[in-house]
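Two complexes, one shared chain (chain A), two partners (chain B, chain C).
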Partner chain A sequence: MEAVGLDVLTWMVDFLSGLFVDPFFAVARRPDKLVQILIQGVSAGVMYSLIALGFVLIFKASGVFNFAQGIMVVFAGLSVVVLIEAGVPAILAIAGAVVVMIVMAFAIERLVLRPLVNQDGIILFMATIGLAFFLEGFGQIIFGADPKPVPVDALMIPDGKIKVLGGLLGKPVRIYELDLTAAGFGALMVAAIIVFLNRTKIGRALRAVADDNQAALSVGIPLRTIWVLVWSLAGIVAIFAGVMWGAQSQAGFSLAVLALKALPVLILGGFTSVPGAIIGGTIIGVGEKLGEFYWRGVMGDGVEQWLGYVIALIVLLVRPQGLFGEKIIERI
Partner chain B sequence: MQGHVQTAEVPAAARPLLSVNNIEVIYDHVILVLKGVSLHVPKGGIVALLGANGAGKTTTLKAISNLLRTERGDITKGSIEFAGEPIDHMNTNELVRRGIIQVMEGRHCFEHLTIEENLLTGAYTRRGGAEVRRDLEMVYAYFPRLKERRTSLAGYTSGGEQQMCAIGRALMSRPRMMLLDEPSMGLAPQLVEEIFEIVHRLNQDEGVSILLAEQNTNVALRYATYGYILENGRVVMDGDAAALRNNEDVKEFYLGVSASGRRSYRDVKHYKRRKRWLA
Partner chain C sequence: MIYREAGQFKTSYAADQAIFPILQDRIAVAIMMVVALVVIPMFGSDYFLEIIMINVLFFSLAAIGLNLLTGYTGQISLGTGGFMAVGAVSSYKMAILFPDLNIILIFLLSGLFAAAVGILFGLPSLRIKGFYLAVATLAAQFFLDWLFLRVDWFTNASTAIEGVPRSLFGVTITGPAATPVAKYYVALGFVLVFALIAKNLVRSQVGRAWMAIRDMDIAAEIIGIRPLRTKLLAFAISSFYCGIAGSLMLFLFYDSAEPDLFDINLSFKVLFMIIIGGLGSILGSFLGAAFIVTIPVILTNAPDLLGLPISSELAKHLEFMIFGALIIFFLIVEPHGLARLWQIAKEKLRQWPFPY
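Let's turn to the complex of A and B:
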């Protein structure tokens, strides 16, 4: 009995030190790895943020939780790839994908949202589940079911490695250019969306609709136009995510699952908060890459797959509205 | 209580800016709420639409501004004309462009937008930045309080400021006609007076015609030129404001003073519905 108790105790100590002590030694040994992982984390986080932004905009403006966001990423990415394969220059291929996503936004407004206006949120949510299945089937007919490599050269996405900070950290930090591109360009897109929301007439109208759609309607803001707009925006964000994620592995229907990573981001950041989506995305991205690298020893592989959800769950227990859930203005 | 206490005839030559002709409104395909309402607003007039809670005032205004659809309401009979053109079945965006805008009951400011952003959303249907800036200054001239609070989030301003914001926002669309739904609701008497004073000036100086739904009969009849009294989805009486004020029935039932001086305790409770119609 005593021996068993001791075993359990040593195991516990090992486990806890594996979680909370060993990582620090690992960092001390290889600081270059830490920098590299942080950069990977930020890059993944920016992508999550973008996808989450698409969710937030749609949710705020039309009250729809868009389950089809993931498949939109696939659709967008494959459109670009297929067009380039067909010999269309990269710029035109991207423009073509933008057109595809805007047409999709119009179609969704006309065929899904408009007939269901005034229905409960849950009904609209289920409609987007149906939409996701439809797009998956339809997409496989058009694009075929097999994943396709993203022609990074044609798109002029650098995919080499660069080495920096060699003198400072002992060993040089190896950075994937793909990560840098995703982080940099993603950050630019996030900034553009924020400027759009806060500095333009349409952006202001969009926020107005999010606040009170009846009142927005009463001052002459056409809700349908705004809906098409947010779905188009989400579609354009999806193009970027589809191409960048595709470039890391391949562009295929499995990417849809990746987009569901936006879910813990939304729980963390709050479903209605734009800054929440951005900061939440970064926390989840960095958190899961750190966990994957430093906790692999004690938790095994695949930490990355679930850590985001655990982080979100913990936040949900403490703050149900998320870290940045929009302040609910109460007047007495 | 049926009657017509008309004193001065509306000149036949002056075509009303807004005519509502015998409309019937049904909610959810079954609930008949307006049972043949007719009313007219002359150009430059202030017309009051009076009646107790639930009489159908809001429904009438929403039928005009076509906000009914979002509440699953439908005009099933009758017609509405604005400046001589039929406008029923025109959508709200188009109506705002044509110069008719509703200020909804319960103010409905955009809480997470600043006061100034709220006002600017009112100009959504317009082009021309310079003109819009000029109108913003005009709104601030009418409502100096809004200028002081221009950078505050509307959700954090007082009820009176929110009412001013809602009226100012509508003004930014450069309307020919405003449909005001219970602007006095929930405000202290002095503030009510201040707001009605401004509405009166907007009518006089900017030439905005006004259809005013109110439960506060007393105030409404002091500022309006003409009034309609709605009961159970029907107009039961209409006439010049002065005539209505002196009518014994109106005194007893709506002004709270009967011939014997007894006060009535009707309309004590206001109800407030804020329905989310999506989601």
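Let's turn to the complex of A and C:
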């Protein structure tokens, strides 16, 4: 009995030191690894943010928690890939995908949102889960179930890598040009969205709809147009996210599950905040890559599958509205 | 004419509070019991018993569990699959560790384990609700998935967990050797008992407290319902049901399963059952489970019957599309699900054939 108790104790000590002490030794041994992982984490975070951005846009303007955003990303990415494979020039392929997403926005507004107007948020949320299933089946029928590689050359996305900081850290750190492109374009897009929301007439109308449907209607803002607009916008964000995600691995329907990672990002950043989506994405990305690498010894592979959610959960317990969200949750 | 309650007088409180106060309902239920207990096992083919009935039964149990939490208490959960996994894995572990323990007891204990895990992941519900809670329960789903896949202890270092063969009263009821009829009776027994408990639970003080929390939590707190205890109780009982459903799923249907069977898609499947069946309705849980289980069976068999050969892959994709479309259709046409349709039908029947 005593021996068993001792075993458990040693195991506990090993486990805890593996969690909280060993990582620091590992960092001291190979500082370049830490920098490398931080960079990986940031680039993963940018990718999550790109998906989260679409969520935020739709949530801000229509109060709909769009579960189908992940599958929209896949859909958009595959449209681009399939068009290029068919021999269409890259620019036209992207334009074609934009058309596809706008048509989809019209269809969703007409067939899903309009009949459900004035329903509870939760009913709309479940409707978008249904939408996600529909699009997954539909997409697999028209695009095929197999993942497709994104033709990076045709889209003129650089895919080399740069080595930096070799002198400082002992070994050079790799930065992928793809990630840099994604981050650069992402920043550009966020800036454009923020300007659009705050400086243009349509952007103001959009925020008005988000604040109060009824009041917006009564001052003459066309609700349906706004909805189509914002879903199209989210679709266009999805094209970019889809191409970038696809360029990293492959464009396929398995990305849709990965896109669920955008949910903890949203919780962390707050549902209604565009900068929150970016910062939340970065925190989740960095956190899970660090966990995956430094806790592999004690916890095994795959820590990154859930660590993001747990980080979000802990943040929720302390700050239910997220880091940048509006404080709308009542305390109970 | 047939379905009319005029003239049925109640002379005691017990009669007034019966679950089925109308004679016609009691007759219908009695007929259904006879069908379920005698006719189906006698005349149903093995395929019908295993692929349809047993599936419907354990999914009904899971759907009742989720309905108690989401439909009655208003807390959305996307972690059903994870809680079912807890039930399946813990019953497998117990069956291996304690070979002499009665299998029924093992199922019940596995429910208790699931309940404990449910309470743990229900804690965030004290501070958050709605979408936020849905995402928080996703954490449970992904964490439990990972835990059972990566930590060897749970699966005894093999890739699959198994429904260990056990017998009750000298009849083998679990494992590959058990007959479909025996398995069917076990599943039916569990579902009948727990459906009855659930039905009574939601009519009792506990259920009323849940519904008060669902309808308006602040008001509920003011009239003296403790949110902490009520919500955690809902999580515990819901996960208990889901845990038992998970054990039954493993022991009575799959016999051998990889832990990732209990993934996020399973959670969605059960959620769809209660949406289509009807949120906040025990009957709806059964209807939803039956609906979602039979749709794929029909979709795989219908093209052959119609003479249109389609590949199994296409059938699977079509199934996704039809599922999605049906969900949206139901939400638009009848947000309260099949159970509500049944209620409307009953009200119409009451006046038939002379509606005023």
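FYI, the second predicted complex is superposed on the first by the 326 of 332 C-alpha atoms of A that agree within 3 Å, B and C clash if a C-alpha of one lies under 4 Å from a C-alpha of the other, contacts with A are read in each partner's own complex, and residues count from 1 in each chain.
Going forward, a residue touches a chain if its C-beta (ideal position, glycine included) is under 8 Å from a C-beta of that chain, and two chains touch if they have at least 3 such contacts.
Remember, predicted model here, so these are calculated numbers, not experimental data.
Superposition note: with chain A as the common reference, chain B and chain C can be accommodated side by side. With both complexes superposed, C is the one of chain B and chain C in contact with more chain A residues. In the superposition on chain A, A:121 makes contact with both chain B and chain C.
Judged by the touch definition given at the top, the superposed model places A:260 against chain C, while chain B stays out of reach.
When the two structures are aligned on the shared chain, A:64 is found in touch with chain B, with no touch to chain C.
By the document's definition of touching, of the two partners only chain B reaches A:221; chain C does not. In the superposition on chain A, A:211 contacts chain B only, with no contact to chain C.
Superposed on chain A, the gap between chain B and chain C at their nearest CA atoms measures out to 11 angstrom in whole units. When both complexes are aligned on chain A by C-alpha atoms, chain A residues 121, 329, 331 touch chain B in the first and chain C in the second.
Against chain A, the residues of chain B that register as touching in their complex are 65, 67, 70, 72, 91-93, 95-97, 101-104, 108-113, 117-118, 120-122, 124-125, 153, 155-156, 159, 169-170, 173, 276-279. Considering their complex, residues 62-64, 117-118, 120-121, 124, 201, 204-205, 207-208, 210-222, 326-327, 329, 331 of chain A touch chain B. Against chain C, the residues of chain A that register as touching in their complex are 65, 111-112, 115-116, 119, 121-123, 125-127, 129-138, 140-141, 145, 257, 260, 263-264, 266-267, 271, 299-303, 305-306, 309-310, 312-313, 316-317, 320, 329-332. Interface residues of chain C, counted against chain A in their complex, comprise 76, 123-124, 126-132, 134-136, 138-139, 142-143, 145-146, 149-151, 217-218, 221, 227, 264, 268, 271-272, 275, 313-314, 317-328, 331-332, 335.
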